[in-house]
Every structure is written in C-alpha cells, then in structure tokens.
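Listed below are the structures to be examined.
Next come two complexes, and both contain chain A; in the first it sits with chain B, in the second with chain C.
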Partner chain A sequence: MAIYVILALDVLNGISSLFLLCLGLAIIFGMMKIINLAHGEFIMLGAYATVISANAGVNIWIAMLIVAPLFVGIVGLVIERCLIRFLYGRLVDSMLATWGLSLLIIGIITTIYGNTQQGVPTPLGGFSIGSYQSSYYTLFLAFMAAVMMAIIYGVMRYTRFGLVARATMQNPAMAATLGVNPARVYMSTFALGAAVTGLAGGLLAPVSGITPVMGGAYVAKAFMTVVGGGAAILSGTLSAASLFGSVNQVGAYFTTPVYGEVIVFTTAIVLIRLLPQGISGRFFKGNL
Partner chain B sequence: MDKRLRLALQAAGTVVAIGVIAIVPSVIELFGLMQLTLFAAMSVLALSLAFIWGYGGILSFGQTAFFGLGGYAYAIAAVNFQDSTPAILLAIVVPALFAAILGYFIFFGRISDVYLGVITLTVTLILFNSVNSTSGDAYKIGKALLGGFNGMPAVPTFNMPFDPSTVLSPEQSWWTTAYVLLGVFLLLRLLLALPAGRIIVAVRENEVRASLLGYDPRLVKCLTFILGGAIAGLAGALYVNWGAFVSPTIFSLSLSAEIIIWITVGGLGTLLGPIIGCVVIEYIVAYIGSQQLLNSNLVLGGVLVVFVLLLPKGIFPTARDLVMRLIPDKKPKTNGPVPSAAAPHPAGAE
Partner chain C sequence: MTLSRRRFLQRSAIATSTLIAAPAVFRSGALAAENPITVGSLHDQSGPIGTSGTPMVYALQLAVEEINAAGGLLGRPLKVMHYDTQSNIQLYSQYAQQLAVKDKVDVVHGGITSASREAIRPTFDRFKVLYFYNTLYEGGVCDRNTFCTGTTPAQTVEKLVPSAMKKAGKKAYIIAADYNYGQITAKWMTKYCKDNGGEILSTDFFPLDVTNFGSTISKIQAAKPDLILSALVGGNHTAFYRQWTAAGMKGKIPIASTTFGLVNEPSTLDAAESDAIIGAYGYFEELTTPASKSFVEKIKKAHPDSPYISELASCTYEGVMLWAEGVKKAGSIDRMKVIEALESGLVFDGPSGKVSLDKPTHHTVRNAFLAEVKDRKWSVLETYTDAKPADTASVCDLVKNPNDVKQYIINL
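Up next, the complex of A and B:
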C-alpha cells in the first residue's frame, strides 16, 4: 500500500516540477511565438543564482523565491532589449540566435564557475510512509506549482497588464492604435517569462545537480510539454505536464529513468501526430 | 555570368579539386592530413544539412541523430563482420530508415517548422541519453559491446572493398573521405539541376503552389529528409573510420549546434559555403581546444549570435555578391527599357 502512496507522490512531483519548468517557456512561446532555445540556460542561471547567494549567506528561501526570479528576470530584460527585439517575426532566426545565446551563457558560466557540480542542501525534512522515505520538499514543489498557476491566472485574467498583454498578442496593430506600446508589452512579457523560469530553476536547485550544462536535460522535456500542450498557457501546460509527468514517473518506475524519458518522448510524438494543435487546441480552445 | 562560362568554371573547379585531393598527402605531414580527413568527414555532414535546410527548407536541429546512428551502425557492423563494406552500407541504410519513420510522423502530421526543430532536437537528446545508459555486458549487439558513455574503442577502420585483410592507410583514408565529399557534392549539384531538385526547391518556396501543381509536399519533404539522413549517416561512418572510435558524444547537442553554425557562417542556400564554414569553424574549435583562455561554447555561441544579427546571409553569398558587383556586365542590356522610361514618374506629373 505504502508503495502506491510513494508512487503517487512521485507522480505529483513529476507533474509539478514539469509544470514549473514549462510555465516560463509557455508564456514566452504562447504569447510571443518566440521559441526560446536558451530556456534551459535560464533555468541554469536561476539555479546558480540560488546556490551562489545561498552559499554567500542569504537565507535559502529568499535565494530561491526572490533572488533567482529577480536575477533571471533582469537577464531576460537585457536579452530582450539587445537581441530578441530585432528578431520578432523572424521565427527561424530567433531560434538560431537563442541557441547561440544558450551556448554563450554556458560558456560564460563555465568560464566563471568552472565545470564542477554545485549544490545546496534540500530544506525541510523528510517523513516516512511505511518503510519508505519521502521529503516535504516534494509537497512544497506541488504547492508552489499551484501558487504560480494562481498568480499567472490572476495576472493575465484580472489585471490591466494581463488585458493589455493579451490584446497585444492577438492584434499588435489594433493595440497600438488604442495607445498601447507593443514594444514595451513584448519586453515585459519576455522578462516575466524569464523570471518565472528563473524561479523554476531556483526551486529545483536543491533537488538537482547544478552544472553549466544542466539546462540541456530540461529543455527537451519543456519543449515537448509546451508543444504538446498547445497555445493556451495555463490549461495547455497543465494538461500536457500532467500527462507527460505521470507517463514519465510511471515509466521510470517500471523500467529505468532513461527509458521513462524515451516513453515520454514517444508519447509526445504520437500526441502531436494526432493533435497537431496540442491538447489545448482541441479541448480547451480559447481558454487562458 | 552566362550558362556556358558557369559550366566551364564548375568543370574546371571539379578537375582542380580532384587534383588537389590527389597530391595533398605528398605535401602535408601526417598530423595535418589526419586533421584534413576529419574536416572532410565533417564537411559531408555539413552538406547533408546544407541540402535539407538550404534547398528543402527543413531546419533539423538534430542532424547529429543520423550522424550518430550512422557511426554506431558502422561500428557495430564492422565489429561483427570484420569487414567495412557491408558496414558502410548499413551506416547509410539505418539512418535513412530512421529518417523515414521520423519523417513520416513529422511531415505527414503536417507539423510546422517550429515543432520540427523541437522534435529533431529532442530525438537527438533522447538518443544521447539512451546510448549513454547502455554500459555493461547486457547491452551488446552480436559481438559488439555498446559500452555506454565510454563508447566503443578499437572499431575496425575501412578496408579494401570485400577484402578485410587490406586495411586502408591514412593516405588512402584521406583519398576515400575527400573523394566521397566531392562525390556527394557533385551528386547534390546534379540532383538540384534535375527536375527532382527543382521540385524540392519549389516546395521550399511555396508548399501550397507546389501541391496545386500536382506535387505532394509531404512526400517531397520526407524524401529530402531521408536523403539528408542517409548522407549524414555516411558522414558518421567516415568519422568513425577517422578515429576508430565512437562514443555517445557523437549525438551531442553542441555538435548539432556546430552544424547549424557552419551553415549560418558559410551561407544558407549554397553547397560550397557550408563546407567553407565547416572547415573554418572546426579549425577555430581545434585551436580553442589547445589553449585555456576562451571556452569553445563561448566563442561558438558568440559567432552564431553575431552572424544571425549582422550577417544573416553568411560569408560565401556575401563574398560572391561582392565579386559579382566588381565584375562589370560585359554586355550592357540594349534591349531592356531605356533608363529614362524606367524611372518612375514624379507624383502628379500628369
């Protein structure tokens, strides 16, 4: 019996970390149609910001929840101003440039901090179910995923910024005639996506090995989820993260973690073949 | 340039290339020759993506998937058969089959360009992870141990066709690799001059129009993709022959990025440009590896960003345009419209 509870916790963990990883990408891709191939490196930067500041004596919660998103948000802002804004509407070029950017960030971090693995201890303790151990941090991740979902929904649905952002994404020319500056909206949306990604990196820092190339491990999963989810930011990402997260954990439980990923990937390809618009393109059309 | 001059130039270039390849081993010492052999093998890989991206309009972020599959197929077959002839064939067929399966899902699913890049990227990562996890005695195909992250050492190199006892010398290896490169180049040139090549380019230009003219864009793209996969597989076999070694890093993302960088730097939509880009970039990477100051990722990433922003056409087309501008037209067009008539009327002149 206990084993099923543990497995359920694992699945919950898989879903919530996948959701957190993808949310920033979904905001940037879903709203701006920019494929940010440096997404994995934004996660890595968030994790590094957390580790460096935590090891410098900052409280781990502040490092995770404030320093990481703030730092990556600012990095995102600078990148949008210096690079991305020249590439709107040039989809392939934006993919190439962000890929170059991802290599550049990996190179910079390797040069500064070296190729060694960093880490912070996992806060909160563990608890046991039967003869199995689990940690409260797993539950905290799920809690944070729910909080992020509520925040993004609230911001996009009920604030003036959300309204302006959604209007600009639907029709930039019309929004501009109504007095909105699309360039500024794009800038803040990109920075918001980067900050959410940095937060994900910070939250996952205690439970993952932190190296300059760690982004590569996440970027494929994140893209599969966003593509599988389709255009709707929240419902799409949540449904795809639930599907792929559970498939991944259950597959990994019965085989090995690597084959778990292979199974997820195969599921994703078949899903895209069946639903080219993603899950939300079929079932949650027009939702946020 | 008129057609006949162009043809003559191309023929002369081919003859020069054949001659240069033949005499290189007697001019350059062994280390340089080995490095050139590597560059030639990589150039075949560059051609495979230059073809499917530049002419087919298919941007694959995971061309290394086919490169790696070709390398592994060659290595496994060569260890099992102890003869490179069937191994090379398998190195072409296995990636082509994989490309066919993947291409079916991608193109017949009508997946857009963006998702195509994402899917090919993911395939490469998954292959990297899967092959990485194959260490131990349990993972063997025939006599070949896969070896996980450590890869497969001591892979038999090329031998004379159907004669496993005569192994090629480094000079003969260079000739094989370089002439394969030349052969692939000429083959692609020929293909692009044929109606089949025109259809490929037509589909790249406008899928709807091509399908209205009776061609199936899905099938055309799928076939283009398969051909690209086969060439990349061949490049994989050449690469393994060069080092007598294959490891999962052959699937790595940084190599995938390098191929894209070769083409972006050399020039998209040409075949010669990517080869130039490949040699230049690989030379720089080899040079960076010999010093400590700069990280190769840093330089490659910087190069890619700068080229996308400032020189999106690449070196080769930019240089060609410059040269074309310097050569004055021999025959000024007298039949064309007179300049004054071509000038737009000032607004409201009538």
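Up next, the complex of A and C:
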C-alpha cells in the first residue's frame, strides 16, 4: 500500500517540477509567440543565482524565492530591451537569436564559474511512509506549483496589468489605439516570464546537477509541454504537465528510465497528431 | 645587355633552384641548433569534458618540463604541440590529422572519452604515429601502435564490488548511464557481484539527460537492496545523489561508484550528499606517498585553481614518463624501436606507485586504490598492488597477433 502512496508522490513531483519549469516559457511563448531557446539557460541562471548567493551566506529560502527570480527577471528585462524587442513577429529570427543567446550565456557562466558542478544542500528532510522514504521537498515543490498557479491566475485575471497584457497579446494595434503602449507591455511580460523561469531554476537547484550546460536537459521537455498544452497559459500548461509528468514517472517506474523517456515522447507525438492546437485548443477554450 | 632566350632560361633556373633550396639550407641550420622532439597533446580544455581534460594537460606539461630540466631525451629538448579539442569529436579528427601530417610529431598523448579515442586511433595507425591513451575506460583496445595507461574495469571494479559487498551485503542494485561505458561497466559489476556470491536485483540505465530520479528512488526502495552500484555519468546524473539525500535515504543503503569523484564531485557536493560513497581508481589526490605528495604539490603550485587531480592526471604523467623511458632505452625516436623498448617490460615509479607496461595487451599493471568519501575528501581505505588488465588480456594478445588494430568487445 505504502508503495502506491510513494508512487503518487513521485507523480506529484513529476507534475509539479514540469509545471514550474514550463510556466515561464508558457508566458513568453504562449502570450508573445517568441520561441525562447534560451529558456534552459534562464533556468540555469536561476539555479546559479541560488547556489552562489546561498554559498555566500544568504538564507537558502531567500536565495531560492527572492534572489533567483529577481536576478533572472532583471536579466530578462535587459535581454528584452537589447535583443528581443527587435524580433516580435519574426519567429525564425527569434529562434536563431535566442539560440545564440543561450550559447552566449553558457559561455559567460563557464568563463566565470568554470565548467564544474555547483551544489547547495537540500533544505527540509525526509519522512517515511511505512518502510518507504520520501522528501518534504517534493511536497514543497507541489505547494510552490500551486502558489505560482494562483499568483499568475490572480494577476492575469483580476489586475489591470493582466487585462492590459491579455488585450495587447490579442490585438496590439487595437490596444495601442486605446492608449496602451505595447512595447512596455511586451517588456514587462517578458521580464515576468523570465522571473518565473528563474524561480523554477532556484527551486530545482537543491535537487539537480548544476552545471553551465544543464539547461539542455530541460528545454526540449519544456517546449513539448507548452506546445502540447496549447494557447491557454495556465490550464494548458497544467494539463500537459500533468499528462507528461505522470506518464514519465509511471512509465519509468514500471519499465525502465529509458522507456520512461520513450513513452513521454511518443505520447507527445500522438497528442500533437490528435490535438494540433494542444490540449487547451480543444478542452479549455477561452480559459486562462 | 640583351636578354637572349637561352640566358633567360639559365638565370631563371638558377634563381628557382636557389629559392627552392633556401628553406632546406636554413632549416638544416636551425635543426642543428634546436631540433626538439615533439610531443602531441589532444585534450579537452573546454566544453562539457573540459574539467577532466584540464588537469591532464597540467600533468603532461609537468612531465615534459621535468624531462627537459633533466636535459631532455637523447640530448634533445621536448616540445609540446597542444590542441584544445573542446569536447568536440570532429576537432579530434581534424587535429589528429594536423599532428600527424603537418606537425609530424613523434608521439601523441590524448583522448578522453572512448568515442574520442576511436576517432583518432585509426589516424595514428595510418600515419604511423605512436599513440598513448591515458584514461580509464571499458577495456579491449588491442593495437600495437597504441598504449593504454589508464585502469580498466578488471583493475578497479574487481576490487570495488567485493569490498562494498563485504561492507554492505550481497544484494545489489545497479544504476548506470545509458551508453557504452555504462552498459559495459554494468556487465562487469554483474560478473564480479555473482563471482562473489551476490545477486543483482535489477539494472537500470539512464539517458544522459535524465534529471528526475524520483521513480528510480522509489523502485530501489521497493527492491530493498543491500548495496547500490552506480556508474552514472555527467552533471545531470549528479541529481541522483541530491534527490537520494533529500528523500532521507542517505546512509540507509550504501553506494559504491566507478564514476563518482573522478572529476570533483566530493568537493562540490554537500558533505551530507557524498559522505560514505565508495570508489576505486588507479590514483587519488589524497594518497600520502612522497611521490604522490610532490606530484600534487607541483601541479597545485603551477596551477593553484586546478580541478581535482585524479587518475586522469596521474596516468597522463606516468604515460609521458613511460614513453620517455622507452625512448631512452631505444636510444632513438624511431617508432618501431620505441615500441619494442616499451614492450620490454618497462617500469616507472609514478605518483600512483609502480607502473609497468604489459607486453601482450599494451595496457599497464598498476596499483588500484579503494577509498571512501569523508567530509568532502577521499579517504583511501585500501591499496591493491599490481592489478593486472585481466579483461583486455582475455581477448588481446599482441605477441601472437601483432597486426591487431581493433577494440574487442569483451563478452562476459
């Protein structure tokens, strides 16, 4: 019996980490149609910000929850001003530019901190269910995923900023006619997406292998989840993350980790074949 | 002066021959003065494998400096021709050609991953350039032009598995990276576990980009092994040790690994995550023999921020020194003469102790060490002297088949 509880926790862990990893990308790609291939490097920057500030004596919770998103948010802001703002509506160009950007970020971090592992201890301990062990950190990740979902929903649905942002994404010309400055909205949306991604990097830092090239392991799955989720930022990402996260964990448990990966990618192919607009293109139309 | 056709031809001929001859004249003049023996070096100093390659380059430079300080070889100084291969196999092929054809070096030391070695080994066979591969690997290379000075699984896994089983118990669970190194090492782990009366509960392989080990940790708990044998590779896989500790499993089931700590995991991971992990290699920076201490001291003095000095560095140093002994003994840098001298059972006392070259396999008989991580450092538990490359010896005999140039897959 206990093993099923543990397995359920694994699934919860898979879903919540995937959701956290994808949320920032969903904001940037889903709302702004910028394919940010440097997404993995934003995660890496968040992880580095956490590790470096924590090792410099900053409280680990502050490092994860405040330093990481703040730092990556500012980086995102600078990148938007210097690079991304010239590329709105130019899908292929934005891919090329952000890919170059990802290589640049990897190069800078490698030059400064070297090509080695960085580490920060995991806060919180483990607990046992029957004869099995699991970690409180799993529950904390799930809690943070829920909190992030609530915050993004609240901001997008109930604040003036959210309303203006959604309007601008839908029809920038009309929004501009009504007195909104689209450039400014784009800028803050991009920075918001970057900050959310940085937070994900910070939250995953204690349970990941942190190297300058770690982003590569996340970027494919993040894109797959966002595309599989479709246009709705929250409901789409959540449903796709739930699907892929649980398929991966259950698949890996009952077969091998190799097949776990194969099953996820097969699921993604079938999903896109059946629902070309993503899950939210069919089931949660018009939702956030 | 009128310029007749005949005179024009005459003068042109003289001028042309002078121009053509000039470099030869100059070069022979330069040769008399300097005439260094050239040592090619192909190591990754950047990219994902850069951390492994950097100390290897330091060790190679140290060996060459020491030989030069002692008057060089055959009265000639050594000169290093180094290329940073940037963790890129294509650059390995390209620079290997360059070393062989353009630089015409007398020996090449280098290659880190098995893939990089197999990319350049045929080039050096074709152009008849002596080649040293100084990295631990899965074994089986059988090539008279190539010397492999690193350890193979028979030398380390053979010691690691029984010692770990003695400490922990007979039921083991193997987790390994999903490419040739992990696959082959897992086979060796299985063999040595069974040979010692143990049982393998399960073997799981992980693609190199797996980052979430939650379900594996649950699976391991369900299988209830006494011991985990790990051949996980790379930064992403380090996450396993983190998530293992986060789940509170640390200390409940011991871990023994053939890969952990080869680069610098003990010093970068938190002590709580790495303590009590057991490893076996051909060398540890923490060895307290005088030769080892002075080796580490010299590298740290020249390069204070050097990454962990592992078997990779000590084998490179010993590889260069063994080659130098071979040249001294042969009294020549002729490739065949040096190979024959190296095959005569040469011995060098290096940082890891006595290293000798095994004639039939072109591998080394060397010491192996068992160590445990304690407070972010390796603490050496046991020394096994004269470990033989028994795995490669089971398939390779260059005395009988001197024309072999392949890597055998060792079937177990």
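Just so we're on the same page, the second predicted complex is superposed on the first by the 288 of 288 C-alpha atoms of A that agree within 3 Å, B and C clash if a C-alpha of one lies under 4 Å from a C-alpha of the other, contacts with A are read in each partner's own complex, and residues count from 1 in each chain.
Criterion: a contact is a pair of C-beta atoms (placed from the backbone, for glycine too) under 8 Å apart; a residue touches a chain by one contact, two chains touch by 3 or more.
Keep in mind it's a predicted model, so treat the numbers as computed, not measured.
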> Taking chain A as the common reference for superposition, should the pair chain B and chain C be classed as clashing or as fitting?
Replying inline: clash
> Should A:Pro182 be classified as contacting the first partner (chain B), the second (chain C), both, or neither?
Replying inline: neither
> In the superposed arrangement, which partner chain does A:Thr256 touch: chain B (first), chain C (second), both, or neither?
Replying inline: both
>> Taking the superposition on A as described, I'd like to know which of chain B and chain C A:Ile105 touches: first, second, both or neither.
In response: first
>> Once chain A of both complexes is superposed, is A:Leu96 in touch with chain B (first), chain C (second), both, or neither?
In response: first
>> Applying the document's definition of touch, where does A:Ser128 land relative to chain B and chain C: first, second, both, or neither?
In response: second
> So, A:Gly162: does it touch chain B (first), chain C (second), both, or neither?
Replying inline: neither
> Touching A:Pro172 in the superposition: chain B (first), chain C (second), both, neither?
Replying inline: neither
> Following superposition on chain A, which residues of chain A contact chain B and also contact chain C?
Replying inline: 110, 216, 256, 258, 261
>> Which residues of chain B touch chain A once you look at their complex with the stated criterion?
In response: 59, 61, 105, 109-111, 113-115, 117-119, 121-123, 125-126, 129-130, 132-133, 253-254, 257, 260-261, 264, 294-305, 308-309, 312
> Within the complex, which stretch of chain A touches chain B?
Replying inline: 35, 37, 83, 86-87, 91-93, 95-97, 99-108, 110-111, 216, 219-220, 223-224, 227, 256, 258-259, 261-262, 265, 268-270, 272-273, 276
> What residues on chain A touch chain C, complex-wise?
Replying inline: 3, 6-7, 9-10, 13-14, 17, 110, 114-122, 124-128, 131-135, 137-138, 206-211, 213-214, 216-218, 248-250, 252-253, 256-258, 260-261
> For chain C, which residues count as touching chain A in their complex?
Replying inline: 46-48, 50-51, 178, 204-207, 209-212, 214-216, 218-219, 221-222, 234-239, 242-243, 245-249, 252, 263-265, 268-270, 272-273, 307
